[in-house]
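Structure record follows, encoded as structure tokens.
Chain naming follows the written order as A, B, C, D and E, and within any one chain the residues start at number 1.
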Amino acid sequence: MDFFHAHQAQHYLVLAAVLFALGALGVVLRRNALIVLMSIELMLNAVNLTFLAFSRFPLMGTSPQGSFLTGHAAVFFVIATAAAEAAVGLAIIIAVFRSRTSVNVDEFDALKL
Amino acid sequence: MDVNWLHLIPLLPLVGAAICGLSGKWLAKSWLYATALLAVTLSFCLGIYGFFNLPEGTKELHELAFNWFSVGNLHVDMGFSLDRLSGTLVLVITGVGLLIHIYSVGYIDEDRGYWRYFAYLNLFVAAMLTLVLGDNLVAMFVGWEGVGLCSYLLIGFWFTDEEKAYAGRKAFVVNRIGDFGFLIGIFILFNRLGTVNFAQINTAALPLDIASLAAICLFVGATGKSAQLPLYIWLPDAMAGPTPVSALIHAATMVTAGVYMIARLSHLYILAPGVMAVVAIVGALTAIWAALIGTSQNDIKKVLAYSTVSQLGYMFIGVGVGSFFAGTMHLITHAFFKACLFLGSGAVIHGLHGEQDMRKMGGLRKYMPSTRATFLVATIAITGVLPLSGFFSKDEILGQALHTKAFDFLTLTPGGSAHLTWLGTVIYIVGSAAAFLTSFYMWRCYFLTFSGEYRGPSSVHPHESPLVMTLPLWILAALSVVALVIGLPAEWVHGTFLQDFSWEHFTRGMWGAPRGGSPEEFSPYLGYGIALVVGLLGFASAYFSTFRYGIEGDDAITARVPFLRRTLANKFYLDEFYGFLVVRPLWSFARGLWRVVDATIIDGLIVNGVGGLVAWVGAIARRFQNGDVQRYAAVTAVGVAALVYVFLVRG
Amino acid sequence: MNFNPSDLYGILPALILSVGALVVLMSEVFLRAVQPERLGVAGGAAGAAHAQLMPGSDSKPLPPAPSPDRRYQAWLAAAFAFAALWAAVAQFGDPNVPLFAGAAVSDGFARVVAAVACGSLLLSCLVAFSYLEALRATRGEFYALAMFSAAGMCLIAQATDLIVIFLSLEVLSLSLYALCAYLRRGKRPAEAAFKYFILGSFASAIFLYGAALAYGATGSTRLADVANAVKLLAQHQSMPGVAPLLLASVGLLIAGFAFKVAAVPFHMWVPDVYDGAPAPVTGFMAAGVKAAAFATLVRILISGFGDASAATGDRGWRALIIGLAVLTMVVGNLLAVPQRSVKRMLAYSSIAHAGYLLVAVASMASWQSRADGTSGLLFYLASYGATIVGAFGVVAIIERKLAQSGLPDDLSSWAGLSEKHPALAAAMSLFMISLAGVPPTAGFMGKVVVFRSAIEGGLAPLAILGVLTSVAGLYYYLRVVVYVYMYPQPKGEAVQAGRLFSAGLAIAGCALIVLWMGIQPGAFGAITQAAAASFGK
Amino acid sequence: MSWLDAHLLTLVIFLPVVGGVLVALLPRGEGGQHKGVALVFSVTTFVASLPLWIGFHGKLAFEQKSEWAPTLGFSYHIGLDGVALLLFMLTTFLGPIVVLSSWKFVQERVKEYCLAILLLETAMLGTLAALDLVLFYVFWEAMLIPMYLLIGMWGSERRIYAAVKFFLFTFVGSVLMLLAIFWLWSNSGPVGHRTFDYLELLQSGAIDHETQGWLFAAFCLAFAIKVPIWPLHTWLPDAHTEAPAAGSILLAGVMLKMGTFGFIRYAMPLFPQAALEHAPFIATLGVVGIVYGSLMCMAQTDLKRLIAYSSVAHLGFVMLGLSALTREAVSGAVLQMVNHGISTGALFLMIGYLYERTHTRDLAAYGGVATVAPAIAATFLVITLSSIGLPGTNGFVGEFLILIGTFTSHAVNHASLLSVVASTGVILGAVYMLWLYQRVFWGPARKAVQHGLPDLTVREWVTVAPLLVAIVWIGFQPQPLLNAIREPVDAFVERVVHPQDDARKRADALPPVDLMPRVVDAVQAAPAPQEAEGK
Amino acid sequence: MMEAVLFYIFAIGVIAAGAQVVLRRNPIYGALSLVGCFFFLAGIYLLLAAHLIAILQIMIYAGAVMVLFVFVIMLLNLKDEELGEQRMTAMKVVGIIAVLATTGVIAWRALGAAYPNGPQVDNALRISGFGTVREVGRVLYLSSVLPFEVTSLLLLVAVVAAVVVAKGKI
């Protein structure tokens, strides 16, 4: 357990990295547009986690003029953004679905070459 | 002495040419003729005026017309100089030219291209006068190429006939080959002396190599213009032109330009004795070569053409052995009798409505007496069975060749011991042989044409030409008799009033003396004797073959030596040889080069190749853009990986 | 309260645009209905085409009933765009002031970019007007979204805080996603929007992760703090953990914007999106987004990581930008060659131009050519913007015809344009020539300033590669001219009748700007050079 | 010095543009009007350019320097030295002829046609007059577009291939030159004092040997393609063959000269060491061009293609002359530029007229034209003679000067050998030109002329006559032209043959700036680094 | 001690749920496991003393956003066969490798090396009221005015965009 305490910050950061990787994999792999969208949400959350971890465990010698809570503010904005993206993204998926009754990404190849 | 009217001599015919050429189509015939003749007449008069007012001492009139162009240290002037040599030639050109103009009035009258004809003729006279009057190489070159142009135009005068058109082109191109040498000669002299004026060149002390190089290059030009081996091939074909043209250009004047040039540059040539030897040898070879061919031609003009070539060979022997006066003298006399011969043949052809084959002639003496008479005189003059002009000039040349000292110190190999003292003798023998042949074929020609019975188709009624044509014949015949006075040996005329007419005496001091010095006074009688015998032998052989038996006699010879006759009739197949060796290879090489290098390698392989490659790669590469958004995402991920790698790992 | 109302003056263009967008949205409420024929002949045809080209959707023909008259909205939007442009231009020469406690800045650089964005918005609105009217697809939201995204561009050019950058990026992106999917003509628009959206958010997530790491390294998201950290790093006075974080973050940040500027290998979305989106939108994207994205990239690299050690040092980002530039120039031109759809060709060509702009960015890395590089970049952005908006303006006129006849977009549909529409043909050729960089056009001057700065920065090989690839570019640009001028016109009208006025106005404007910048580049040169002072010295 | 004198050159350069604007404003379809305007303006341009010729006194004249884009370092600096003046006059002289020549041939898209011609004229004039490298480059490239349209819109079957090929070929070369120009700019002085001005660049900053080689190569490529020098010539036959008569005339008459002009004005004086070093190479290429081009001519069956290749040969002479670096040769080369412009231009003019009548360029179809159209035959003969350099025509003086100058050159070793080989071009020239002449004009009437041809009309006479006069006039009075170019030619030879003097001059001018990238912080970077080059 | 246990529990939860999102074929399961993932994340946030954020996470994400997702999924109600089979392409493999490599390198080189000798500073202990609404609010409303305003603009844009895109026909 003291291993955890010794490398507390790294634990959070690496967790974030893993989450980010998961999201990215989802974007690259899944052919279902909705799940691709969710994977992007995952990535954003990973970023949030990174922000928070850093704002709790700042590196030595970092002395921002602002407070250490700018990280939290950033997360706040990111959440808002994520919501906005989700809304627009879902709308687009609906539009696509309208025009071809499918949400399978690999069938969207009217535009190519 | 500087005068300001010399330029008129070439200018007047030029103006005449301009008038005839530009307005000839609309000008009334008579006016046109008047213009053309007047132009020549006037410059003739000017020539006489100048000739007889040559100042004492320098004996040269000079005019700097205008500075043509001068850059850096190259200054080329349009300068004219009229001295004894060029003066005489001016007289010959304008005089003979005038006669031929007159003759042409009758000859070309029916042709609808008459105005072109006279324009060309005047232009030629102008160019030829520039050639002889020019006081520097470039000015001379202007005339040099100008006459070439005119000969091209006049040979191709009846251009609808492919043959004639081709002949014209051939003449020009072959001449160009010569001119190429001429140009190089100019370059060499300029590069050494920084000038192109005869005055400086003739007084310059050039080292042997430069002099030889320049001389030989210029001589190449001469072989082109004066139809010497190996470039003579254009001249026989040049007979495609109207006969008066052949008389004026391809017999009397233009073809002698080479001889004139060498005489003009005598002081340069004597600095290059080796080259002089070459000149003499080439002359001798040409003389015999052409004479041989001449014996087996049946086209009357062809015979005359080859005789011209061989006579030119004599002239080159003359200048080659260092007796420039002899060469130039033969030039003058030859101008008279050869013009006469050509005009005579022209009259014959005219009288036979264009028939040129001697085998379809014969017995014309009763139809065209004056033509026959003049032709006879000229024939005698050229064959030298009787001492007329040709006899003296030719034998002067041969005698000089026999006694020349020009080659005495020449060695075959540099620094070798074997001196070429025998060269003169050899040349003399060859020349004499050529003289025999000359006599033979000229008489053969005469007999086949005028004696015996008429062999042509009965549809053709031979008739004598009008006075306008016969008059020049008579005058020329007279001249070729009278001209003998200039050839009389010095000691014959010494002290008499004739000595002023002796060409040798007249031009004394003009020429450079060959390195071996001029031959000391030798008695000409032996030479004359041999010459007479040779001439008579030729006459006899012709007489017994063709006079006796007419055409059958000639055929008998053919039957006797068929192979020889065929070879000679086909001019030793020289044209075919060139065609096989040079002409056709060149053209096919050009085509091959175009197809392979230009079309295939540069354009096909490189230019279009690169373009094609780019397009091809692009076409392949775009396949990668297959519209699958996740592939795009994957590529993006790869990109990110690369960036991160670069920053985190590589660094 | 560290907020000073005068800061608002600094972001005036963005404000004007946002207000304008709201006004236009409002105008939707007060629409006056008129008879369809008052709206021009195109309606019926458009309706029919629209019906047949919408499988899957409820396709009933347009109601003959009176339809609302939206013709003024375009001019309204244009007016606001012009106002914003004027605001940006009016601020030229003002001193550079930090805004909102360093979250943003108002400097010459940002103003020029804002001017470019507003200018392309203005012209694109005019182009879009006749386009949409002809297809009977006018909605206030279209212009509103366009203005929102322009506002985002203005903001992002000014932002000096990674979070602000991210937010403005989202503002401009989201509205553009919507604009791509705006038309309902077949599958293509929605698909384009989807691809753009997925990849766009993917990229912004990556960017955001980079921002997070930067925050970790510096404890702040302000570029100024990043710069300090970099400087400390250069002087070896920073904590051991900082360096790798900074490096990772700069990598991710570059990746995020390499995507936006369409640098190879982050370019894959460009052809599909440009192809699928409506031509006026594409033009706006090509001009505005490129300007904004490049501005931000430069802002991050120079204000954040501009220190010599980070730029041209052995681990500097210049090498990387050079690599991207090489890839981008080569691939962009190479792939444009086989294209037969003008729209797609222009898409690939915009990739290629991104490559040339990256050359300018690379030359900004070293001190002695930083000013030249900056002014070169701005000049090129302006010239490219004017050209490409005009080009897509012409494309729009052709495309709306195709959208009705349902023909594929192919060069053959351009054949003989010069016979019936010499002016259009001349304009298109002018734009092509300008894109190819042949004088006397803006494109040429752009290339001059960019490559000159490259030579100045000692990047001769890069410059040589650039000009050589631009030869390949010439080939496919000329092909358009060939079709326009040298092929006979096929039967039928090349262009749908009517509704040419505003588009013509815009195209003419672009043509004039292109010629002006090509023949009298002095004024623009002065502006860009003044702006170049934004980055030190 | 009145305002007019100060701005005369600008006026002349941009007169055609004014005409172009007028043409553009005229309503479409009124063919006559457009042509009329074009004609009026081209004639006016010529008339207006006469004072330039009269008022010229050897030195660089009619200079005008004013601001263009100071912030970018460009200046509007124009002026004419003798060489430029000759070509300038040639261009204005050919202008009206070109417009007139296509009066009948061009019937559709007259408006674009006239526009293209006029713009092209301005571009060419500007290229000759420019004294600022960017200005030069702008005009230089601007030439391409109208010519491209001329070929592509009014050409014959394979016109598009030819047009694109023409544009791409010339573009490839010039872009690298542009970079070299930038290099010169960066080298021309400290930041803020840099310049594109030709005259100042001649004096400023020495360039080390290797760099000079590269820059020279870049410039050479641009100009060599335009000339064109073997083996970069393959665009020329296509362009000439497909272009309409007017296009060919301008292309042969002026545009090719831009390449040689570039050599004598920019490439060689700017980089004298490199020029001197590579002169033998260029001279050799010139000779290759002469022989190769002539041989190509012998292989052609297409009239225009043949003449196009003959241009390759003729410009080979010019390049030989330029790189021989003697006063005679260089003067001859410059003169030959003008001559080639006149005679080859005239050739294309006449062939254009033949083509209008017979609609074929195939040699085999021709024959016996002289019988039906003697005037055409006569004029063509004169032009042919000038093109094969017969004394008394302009062609002779030029070729003679080039050859004799080359023969005596010391700057190039084996120069005399080159000159001799080049002289064979004189023979080959006669071979193919006379072959062409015989084939087309002599012999029996063949397919193309069986139904007879109308002879030259008055309009056509008006276009040909001036050229004939020029041919003969220059043939006999070349000296005024040679005087005009003496000063620049001397300067050129002096500068290139003795580069070390020039190097010295530059040495006490500004120290060089080495452009290797290096990290300097703001303090250092303020002025340009002052250390002189180490090597 | 306690913190460690909780962290590992939440972490495993986050990863497991995240994996479910990526692996589950049916979007509805994906959505639900995403909700779960968000809950675990909220826990992690609490461990990081980000109280406000944790709340927002639950409310906005697990609440609003996911509802939206589920709603859309229902709206489209995809049949099972419409989902089709997941296929693997070479490019996808390359993508996987790239993603793993990137995150791996970052985690190993950057994150791992971030704290050479353990985190020295723990703001949660150092700063009183760290992560509370009050403190975060100060930051939001005082020192980050611009982002806040831009966010408002962003949301407006989102609304308009969503409306335009989702519209039936234009």
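Rule of thumb we're sticking to: contacts are C-beta pairs under 8 Å (C-beta built on N, C-alpha and C of every residue); 3 or more make two chains touch, one makes a residue touch a chain.
Everything quoted here is computed from the prediction, not taken from an experiment.
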item	value
If a chain touches chain A and chain C alike, it appears here	B, E
Shortest path length from chain A to chain D (each step joins two touching chains)	2
Identity of the chain that, by mean CA position, is farthest from chain D	E
Chain closest to the assembly centre - both centres taken as Cα means	D
Leader among chain pairs (count of C-beta contacts)	A-E
Farthest chain relative to chain B (centres taken as mean CA coordinates)	E
Centre distance in Å when chain B and chain C are each reduced to the mean of their C-alpha atoms	79
Separation of mean Cα positions, chain E and chain B [Å, integer]	104
Distance from chain B to chain A - Cα centre to Cα centre, in angstrom	99
Distance from chain E to chain C - Cα centre to Cα centre, in angstrom	31
For chain B, residues that touch 2 or more chains besides their own	611, 622, 625, 627-631, 633-635, 637-638, 640, 644, 648
Residue numbers of chain E (touch at least two other chains)	92, 95, 99, 102, 105-106, 109-111, 114-115, 143-144, 147, 151, 154, 157-158, 161-163, 165, 168
Interface hub residues of chain C, defined as touching at least two other chains	54, 57, 163, 167, 170, 174, 177-178, 181, 184, 193-195, 198, 202, 213, 216, 239, 241, 244-245, 247-248, 271-272, 475
Those chain pairs that satisfy the touch definition	A-B, A-C, A-E, B-C, B-D, B-E, C-D, C-E
Residue ranges of chain A in contact with chain C within the complex	13, 20, 23-24, 27, 33, 36-37, 40, 43-44, 46-47, 50-51, 53-55, 58-66, 68, 70-71, 73-74, 77-78, 81, 84-85, 88-89, 91-93, 95-96, 98-101, 105, 108, 110-113
For the chain D and chain C complex, residues of the former touching the latter	28, 67-72, 74, 109, 111-112, 134, 137-139, 141-142, 144-145, 148-149, 152-153, 159-160, 163-164, 167-168, 171-172, 175-176, 178-179, 182-183, 185-186, 191, 515-522, 525-526
Residues of chain C touching chain E in the complex	1-3, 11, 18, 25, 50, 54, 57-59, 99-101, 103-104, 137, 139, 141-142, 144-145, 148, 151-152, 155, 159, 161, 163-164, 167-168, 170-171, 174-175, 177-178, 181-184, 193, 213, 216, 239-241, 244-245, 247-248
Touching residues on chain E, where the partner in the complex is chain C	105-106, 109-111, 113-116, 142-147, 150-151, 153-154, 156-158, 160-165, 168-170
Sites on chain A touched by chain E in the complex	1, 4-15, 17-26, 28-32, 34-35, 37-39, 41-42, 45, 48-49, 52-53, 55-60, 66-70, 72-73, 75-77, 79-88, 90-95, 97-98, 102-104, 106
